[in-house]
Amino acid sequence: EKLRLGNEGVYPPFSMVDSSGNLTGMEPELAREMCKRIGADCEIVVMDFKALIPSMLQGKFDGIVTQISPTPERVEKALFAMPIVYNPATFIVKKDSDYTLTKEGVTGKGLRIALQRGASMVPYIHKHFGKDTFTEVYYDNPDQMKLDLLAGRLDLVFDSKINWTLELIAKPEGKDYKLAGGDHWLGDPAIPEAERGYSWIFPKKSEELVKRVNTALAEMIKDCTYTKIRKKYVPVATLASEAACANVN
Amino acid sequence: MNGLPIDLALAWESLPALFDGLKVTAILTALPLLLGLALAFPICFARMSDRRWLALLAEAFVTFFRGAPLLILLYLVYYGLGQIEALREGPFWILFGSPFGCAIVALSLNHAAYMVEVLRGGLLAVPHGIVEASEALGITRRNIFIWVKMPLAIRYGLKAYQNEVVSFIKGTAIVSVVTITDLTAVANSIFEQTYDPFTPILCAAAFYWAFVNIIRLGFGLWGRWLNRHNAEDVAADAGVPGRGAALRRTSDLGQVTP
Amino acid sequence: MTMHAPAPDAAKEPGRLAITISGLVKHYGSHRALNGIDLEVRRGERIVICGPSGSGKSTLIRCINALERHDGGSIVVNGIELTADEGTVQDIRQEVGMVFQHFNLFPHLTAIENCMLAPQLNRGLTKARAEKLAMHYLERVHLADHARKYPSRLSGGQQQRVAIARALCMEPRILLFDEPTSALDPEMVNEVLGVMEELAASGVTMLCVTHEMGFARRVADRCVFMDHGEIVESRDAASFFQAPESQRLRDFLAQILR
Amino acid sequence: MTNLSLADLAGYMRQLGEGALITLELFLTSFALAFIFGVLIGIATLSRSRVVQGIWRVYASIFMGVPSLLVIFLTFYGGSAMLGAVLGEFGARIDISPFGAGVIAFTVVYAAYIAELVRGAIENLPKGQFEGARALAIPPAIMWGKVILPQVMRLALPGLVNVWSFMLKETPLVSLAGLQDLVAAAKIAAGATKEPFIFFVATALVFIAFSALSFRLASRLETRLDRGQRREAAGRSSSRAAA
Amino acid sequence: MTMHAPAPDAAKEPGRLAITISGLVKHYGSHRALNGIDLEVRRGERIVICGPSGSGKSTLIRCINALERHDGGSIVVNGIELTADEGTVQDIRQEVGMVFQHFNLFPHLTAIENCMLAPQLNRGLTKARAEKLAMHYLERVHLADHARKYPSRLSGGQQQRVAIARALCMEPRILLFDEPTSALDPEMVNEVLGVMEELAASGVTMLCVTHEMGFARRVADRCVFMDHGEIVESRDAASFFQAPESQRLRDFLAQILR
């Protein structure tokens, strides 16, 4: 069995290309392991994030192995496998900012917020903060947000917590910034806490494949392979269900 | 999926957003067209100057801004200049701090580079004999430029100018890299929300098509007016194959560009 | 080696000389286009210049109103010595009108606008006065009816007459013609020659490069034959044709008159 | 301030090089196809048939009036669906790669431009050239091949150079449809190293160098095609042009 | 109303007729350019056609080798009737060479390549043989030295001679000339007329539209005068000039001979 899988390639530490041209990061490694377990011969293709889902919907991929949040529109169009990363969204603000991140706290402040174009953060902000509360600025990728945040063109960013923690807050240039406003789950609020997370997705017709993928992933979490791979790239836990493997190396 | 499923309801719903996008596109067209043109004149004079270093400098400008893809040019101006601490503190930050400012700077530079060549082509196409005749009439250089060379250069270069403007409008479709929500960006975000491969893109295409063709129409009228001296209504005034017409035609050629 | 003999009294009365050329030399790169020309033209004199192609006729004419800079010798026009100085050049060009082989009308201006441009710009005439002046000269070349037409609507002969009127509008004291009829169809030659004859009769100083020997016979006071950048023979029209001295001129006339 | 090792830098630069090759391949393939179709369409549209003229007008106005980026998206995302509509189930399964979408889109768009150029050039050719050939009883196919087109190419060359440079500048757009070209490679390198400027400047330089080089070649070609067309190389004409 | 009188024996011996035209009619839109032309040309005959501009001379010539399709009447060339059929047209064009006013040389080919093109393609000659043939005819027009030059490097007279050589390379039995010297400078007319005289002496059938009356006198067997699409007078050269019958021809000759 041959599978063509799509991946973003520019989302460290989950996905990136090293200097010799190999795709590495947490997602590709997990995907390779998964393929081994379901006995598939996988080719992982790197493509712009924006092009991934439409390409799969047009039948150009058999699945996407980049974390994707289960928004209602997406759930309608694609099958979501079990969550592989719980990477909630959060706000990144300047250390000295004094507003509270509620609708009331930010209204009328004229704050400029960075959002990823086409990402699920956009409808979420609209729903919980209103369309005109912030001045919204759209970016193609988080690197551009970071450059603009450091350049002083932005007041705050609303994006994935883990990435921003690793890429900004933990680094020297992030000394003036902090996370704020708590964790926000962008998916269906009906999903219970424990099952929340971003998943790989597959075409609607591939139910059988998704089952096999889920089985493989569950096994990987259970035998701590998941955690081993995760630790190579991400220092903090990314799933609640990996708690049992906390001490594995 | 069968046929070309255009979702009329979605198209209708998206119209207001697309219109907003079109407004942004129009602004991003109008300002750089003016600024770029203004910038093109001095650079064109430099490019045609007898002073070697000046000409070389102008040529370098043209080579650079014509060669660098707009996508990358915009990126460098917007994100690159933002990294310069001194600039952030300085007065120009009003301009470079905003994506619009950056986009207008980058687009203007790009347009200027192309316009230098359009202008130069038009000026070179002015028959030397006509300039000589003006000199023989004792008209000063400055007046020759204003009353003879420029009016003719505009006529000879009009087609090339139109092409540059049209291609420029279409080129603005990439400003979304610097966070500007223009017509293309609107269509893209609708596409990314709905994953409908036709409706938003075709709608945007229709908007562009209309915009571009209104511009072309305008140029057509302008050209007709400018070239009224060559109009062929008083037909069979035979014998004279209209030197002007012939010259104009050859100078058009080669300029039929995107 | 030149054999021309200026009218004996001319040298004594410089005030009566319109143009004095002496030892004129002009190089194009290493090519010597004019090789020591001496020529004196009296007020009101009508001179026809002829000679084989490449002999330097155009170059000579063009040096006189500084369309080409000369490299040696001197040119004095109406008492003013021609130098590289911009002001002097302008002054001389006001005195000297020129009519080109290819008319070189401004294609974007009507006949009358062609005539009005230089008076308005150089002499600061109001529009109304320039128009009156232009109309006067257009009438003189029998083109009053065509004043509002663009050049492309006029026949070659008419275009050349507009060019003559345009030169006349500067009210120059000297008129230079460079093969004014050789770009015309045979039928149109006559109308232009007719106008030139009328002008000649009115006493303007004229230097005319032409191969229309009929015109030379009828109008010229003096004919000048050039070859290899030199004046080979220069004498009154009658003896020029009937008793050419040099073999070169004899050969040339045999060719032309066939 | 950079924490990029030299080896890493070299590695990413090599990837940029590979991307550049893909860009070049895309560009040359598209240009060649657009050229061939453009010339054919250009000749075809000389026909006075109303139908031909109508089709040509619609085609030219659409593809000259719409940004290439949208044409690329439409071909890439809508291509299979469109094929499906035309060819049924079988067509729907034909997959259009980003590269294919780029080639198709650029060919369709730029063939229109080239056709316009070729038309213009043919119309500008003195009628006497056709008559001269016909009076010599030269058959049409050979007349086009040996007499008309060589002259058309000379007349159309400056325009072709323009089309060339426009197309070159638009090739990066295909990266937005997922092609791993030069710009995509730059983005990947930038994403992994967090050093966007090094790689974007390098990319810009590659483009500038290539376009400067192609302008050089074009002006060489121009002189070559002009052989026999201009009077003495030295002498008047050149000094006039410079004036 | 035509007054031409073909040589009386011609009609009886069709084999000796190179061209037979009867009742030829040609319209451009509603304009009747040819209005019932009858003309018979014997083998080896040399006919000069003249007449005012727009009288239909070019149209007549161009109908003979099917550059224009005629609307009525018939043209028979060397016994083949000219129809719309592509094959017949090609056959006739092999028999009929044409020399244009503006030469119509192929600018991208050298003189000799211009001459070689048709023989190689139509008559299937090898390159070597075509080259030999072309060289032969280039020698005949005294251009062997210029064989490798591009047309733009040749003077007008030389270009027209190349055009003649190119037509001769088809070894046609009939040569048509449409004002072959009227685009030439006066000095170059002679060299072309000289070559044409030599051709005439060699016995080729020639139809020549020209206003060079000297040539007509020296070479033509018969002169044809056209006006308003009709043949007004057609007679041997001597009496054509000395005793023109119609007033129209008399007026015309007065103009031309001025």
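Each chain carries a letter (A, B, C, D and E) given by its place in the written order, and its residues are counted from 1.
By definition in this document, contacts are C-beta pairs under 8 Å (C-beta built on N, C-alpha and C of every residue); 3 or more make two chains touch, one makes a residue touch a chain.
Nothing here was measured: the structure is a model prediction, and the numbers come from that model.
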item	value
Best-connected chain pair, where connection means C-beta pairs in contact	B-D
Label of the chain whose CA centroid is most distant from the centroid of chain D	C
Distance between chain centroids, defined by C-alpha means - chain A, chain C (Å)	85
Centre-of-Cα separation between chain B and chain A, whole angstrom	40
For chain B paired with chain D, centre-to-centre distance based on mean C-alpha positions, whole Å	19
Touching two or more other chains - residue numbers and ranges from chain E	53
Sites on chain D at which at least two other chains make contact	77, 81, 92, 196
Set of chain B residues in contact with two or more other chains	79, 83, 191, 197, 239
Interface residues, chain B side, partner chain C - complex	127, 129-130, 132-140, 143, 147-148, 151-152, 155, 226, 228-230, 234, 237, 239-240, 242-245, 247
Residue ranges of chain D touching chain B (in the complex, touch as defined)	61-62, 64-71, 73-74, 77-78, 81-82, 84-85, 92, 110, 113, 116-117, 120-121, 124, 155-159, 161-163, 165-166, 169-173, 183, 196-197, 200-201, 203-204, 207-212, 215, 240-241, 243
Parts of chain A lying in touch with chain B, wherever the complex brings them together	50, 53-54, 57-58, 73, 77, 117-118, 122-123, 137-140, 144, 147-148, 150-153
Parts of chain E lying in touch with chain D, wherever the complex brings them together	65, 67, 90, 93-94, 96-98, 100, 102-110, 117-118, 121-122, 150-153, 166-167, 170
Residues of chain B touching chain D in the complex	1-5, 63-64, 66-73, 75-76, 79-80, 83, 124, 128, 131, 166-167, 170-171, 173-174, 184, 187, 191, 197-198, 201-202, 204-205, 208-209, 212-213, 216, 249-250, 252-258
